[in-house]
Amino acid sequence: MAKRLSEDAQGVYTISATPFDDTGLIDYKSVDSLVDFYINKNIAGLTILGMMGEATKMSVEETEIFMTYMMKRVNGRVPVVVGVSDPGTNNLVLVAKSSMDAGAAGVMIAPVSGLRTDDAIYNYFEQIFEALGTGIPVCYQDYPQSTNVFISSNCFNRLVRDFDQLVMFKHEDCPGLGKLSSIRNAPNKDDTLRRISILVGNGGIYLPEELSRGADGAMTGFAFPEMLVEVINFHKAGKITEAEDLFDLYTPVVCYEQQIGYGLAARKEILRRRGAIANSATRAPGPKLSAFDHEEISHILTRLENRLREVGR
Amino acid sequence: MAKRLSEDAQGVYTISATPFDDTGLIDYKSVDSLVDFYINKNIAGLTILGMMGEATKMSVEETEIFMTYMMKRVNGRVPVVVGVSDPGTNNLVLVAKSSMDAGAAGVMIAPVSGLRTDDAIYNYFEQIFEALGTGIPVCYQDYPQSTNVFISSNCFNRLVRDFDQLVMFKHEDCPGLGKLSSIRNAPNKDDTLRRISILVGNGGIYLPEELSRGADGAMTGFAFPEMLVEVINFHKAGKITEAEDLFDLYTPVVCYEQQIGYGLAARKEILRRRGAIANSATRAPGPKLSAFDHEEISHILTRLENRLREVGR
Amino acid sequence: MAKRLSEDAQGVYTISATPFDDTGLIDYKSVDSLVDFYINKNIAGLTILGMMGEATKMSVEETEIFMTYMMKRVNGRVPVVVGVSDPGTNNLVLVAKSSMDAGAAGVMIAPVSGLRTDDAIYNYFEQIFEALGTGIPVCYQDYPQSTNVFISSNCFNRLVRDFDQLVMFKHEDCPGLGKLSSIRNAPNKDDTLRRISILVGNGGIYLPEELSRGADGAMTGFAFPEMLVEVINFHKAGKITEAEDLFDLYTPVVCYEQQIGYGLAARKEILRRRGAIANSATRAPGPKLSAFDHEEISHILTRLENRLREVGR
Amino acid sequence: MAKRLSEDAQGVYTISATPFDDTGLIDYKSVDSLVDFYINKNIAGLTILGMMGEATKMSVEETEIFMTYMMKRVNGRVPVVVGVSDPGTNNLVLVAKSSMDAGAAGVMIAPVSGLRTDDAIYNYFEQIFEALGTGIPVCYQDYPQSTNVFISSNCFNRLVRDFDQLVMFKHEDCPGLGKLSSIRNAPNKDDTLRRISILVGNGGIYLPEELSRGADGAMTGFAFPEMLVEVINFHKAGKITEAEDLFDLYTPVVCYEQQIGYGLAARKEILRRRGAIANSATRAPGPKLSAFDHEEISHILTRLENRLREVGR
């Protein structure tokens, strides 16, 4: 049985792409190669059916088959977190339970859009946690650029205090360095506030700063997860300069993939070129790469190779 | 076989609520009574699985069973339009086709969120129309308060010119009286612009003005559809004053139901009190009525009864 | 010296339009007639330089001259509240102080856009209140449709507890009936929560319900302020039915003016027809009325006259 | 007399910060040193009173004095573009004319918020251009993240065709690489489309890619303008690799300053450390740097210094 997601989680949880073939169907051969690609890069875990996984463009049947298939392919080698955000609480709970039954380590939930105040957010999650029960570990996905829901650090810590199953904060508010510090360094009178795991998103663009502010790792789909892994390892070992030196080699690619929308198409193309998937197609409606975009990606990858060669990597 | 939705559509297309029981499951006995309630009010058609129908809170299995059940209960007495908007084009097309197979008269589509310019909207619908084929009549749902997608009247009319399957405009931009006029009165050189059906939403709050500006009817879930039916009939018969006299009796209720979010809970409660459904529950996350809300609804309905009695209705 | 704005404020505070002439300049003769028009309708106070007053389209010189002129014309007959919201705290404080020096009864402040959580809103107003000092009575303008800032009732009441100069809540969140009740009926342990004045906006569209939920009056620019005055008086006298009977005669006009943006042009045209101002022009960029719009306004006013005649008013 | 802004503009137009002292007043000694700092870095022009310049937090008197002072200090050494965006057309035109009278080379205008379609944007600028007359060169500021107004490349090029005074596109939509290409490479039948200047914003984060796609330079406030200048010069000389090598040394700082809101405080602090201004205060409401933020900035500047030393710069 898979390890449950807990407050101790650290390292890289890669948000998996969903590979499609030319006809738009899920390409299961590429699922195999993609899972192996990720795991070979020494990631700590996988996150599936997140926004980057094009989950909202898949039918429910596909989602179920895909999730089960993924679990089998991963086969317990790393824990798998399943994105279960849903406009309806019923659906959310159903999918969360079936994900756990299928072997998930935990679920990731973003607040439903339309929540306007801390009180509204708290009430929503209270309802969710009651419906889920205490047995399902939960990661809070804080991605207001997409949800338009803004939680204060006070409100988040109130949720941590009141619900033991909340074990992880997916930090993706941007700019959000101050918020990360504020959550990590909250006053903890009488030791009532558990230290939860904080993994960062946004393609890792502020990973070095975020690690210094107390993040435990990254949960993002950056196409070179091995860099994130190594940066985090350096950091944990106190080798801050080595971490930054390595990170900075990749920043042009990090920035390039960080273009919302377009970045997903670019990222899948980079994964294709790295042999992780056979086809970089995204489902409609979604960005398509022009001939110029392809050249630009070639150029930016060459730029990376040159940087790596210069430092003898 | 059901009549196809066409440019000639007029009258009231009621957007159906979805009745749930206390445990949150679909209450099929109430579906029966609700369908009969609507049809007995002489509506021209039904729209299901719209935003008001809480479609996004239902699982796909429920959606399919519900749609099929609805079609059987309606049994061709009125045409049924099915809301099929979806973040993914694949899903949208699948559901549209299965809806038509199940006997729908046409489908209603709102643009996917994130479309920012007329060109982007046009390209999206071009792709949708190509994927759907010419055999499926389409109603464009223009509800920017929810989608954050704003189409110009020029762009909409360009779609009308280029795609014959686009037969209806669900008008719900607000304020939108000028837009309605602009679409209806667009220059029509060489007679290349079909006159499509325009049905209005927003609970019918501007129905008298909109009929005078060329609307053909209403597509909304107002809990007294018989009023909308009669107002439209008066208007078609040139009895403008009678139409307005009748409409004005109901404006407090129209305004009351027009409170976004809360209004759905109020509307279902009014439908319950009218005997159309057995239970006014909405699915979580959704508004719950307080004791005070219930009293307020009682009061507003008494206010309506008094008005009706005063004029001898 | 003018009466200071206090927690006791009730009745109608009309938000004044700003009259312009054909060349776009402020028409001071119309300012005279407009002020007299309002005061003759027995309003309790005036609010100037609000969003409806097109304040953001006026130069600072104009604003100062206009404010001073207004104060002189009002000449202490009713208290005047001045809208002083500003992206910069310095400017806000300067204008607030000069408004009070010119004879304002208090100032109205909406939170600056970009505040995302209760904590951020509280901190912003704490800073404002400290800069203003305790001598300037403040009305909190809660208009999230325009500011995109959402305050919880808890956070608002925390501000009431901590800052004595906060004496009024301009209620314009919509739907917002539950919020109004929640603020009015907040638990008041140890009697630490002052009862502040609540005046409602949104053109008064939910005025009867809001009065029943504890509102003290309306602050809005509806072109028939005498109706609002009388409805509130009826309500205070316990004549709920009379209040609603009167209100319902005007709902078509209330709804018509409630069209955001366009409604301002319509409202100024109605004020013109009522002889309150000489010219209904709004400053660019702003809506312009078409020939059809003018006819529609004529029609809606005739509809009102007929209603009033029917009941012998 | 100053050179007028034209389609030929290229290089770096630095968006100037506005330096304040501890009491919140404009620090004119720092204005002197800042202007000299910028010009000594070989910038091509200056832009003042943009969003980054905290213009909306300054009073009108301050704005006028500041603008005049700036012009005198610059003294024709480089062209100065003045941001004149305003909710009111009257004000916009007044400030634009007084800016030109004071010696500005041109004005920068962002569309007023609330414009929802290409047609609405076109009409707004048509009105502006008519009010301004043909003698004032205009830069269109395309910054939808702030304005929520999205122009299509087709609509922008239509404006270019119809209004000769439109000479520059400030490109800040993000992601926006495709849009830049689409504007630059628009079909130009019968040679009716002038080639206008495109300067990029967003802190220059995609400058290398944007130059390859046809941008002429950057208009941004990055605290190391000399890097942008040199990158652009390398690029113009065909030395793409040198351009990228240099740019990549600074990407951590570019990304760091690119944090919306917070980034302004960081940027002013970096300018202070570089000796350009005496005080890094921003006006309220605005971000304040914590002790940790200061350390982080020290660290990121050390990281830059190390990178520069490694390559012998």
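Some observations on this one:
Going by the order they are written in, the chains are A, B, C and D; count residues from 1 in each one.
Basically, a residue touches a chain if its C-beta (ideal position, glycine included) is under 8 Å from a C-beta of that chain, and two chains touch if they have at least 3 such contacts.
Remember, predicted model here, so these are calculated numbers, not experimental data.
Each step here moves to a touching chain, and the least such steps from subunit A to subunit C number 1. Here subunit B and subunit C face each other with the same set of residues for the most part; over half of the interface numbers are shared between them. If you average the Cα atoms of subunit B and of subunit D, the two centres end up 46 Å apart. The mean-CA centres of subunit A and subunit D are about 34 angstrom from one another, to the nearest whole unit.
Subunit C and subunit D have centres, each the mean of its CA atoms, that are 38 Å apart. Residue positions of subunit B with contacts to 2 or more other chains are 261.
The touch graph of these protein chains is complete, with an edge between every pair of chains. Listed in rising order, the residues of subunit A touching subunit D in the complex are 174-175, 177-178, 181, 205-206, 208-209, 212-213, 241, 244, 248, 251-252, 255-256, 259-263, 290, 292-293, 296, 299-300, 303, 306-307.
Against subunit B, the residues of subunit A that register as touching in their complex are 24, 54, 56-61, 87-91, 94, 112, 114, 124, 127, 131, 261, 283-285.
Interface of subunit B with subunit D (complex): residues 116-120, 144, 150-152, 154-155.
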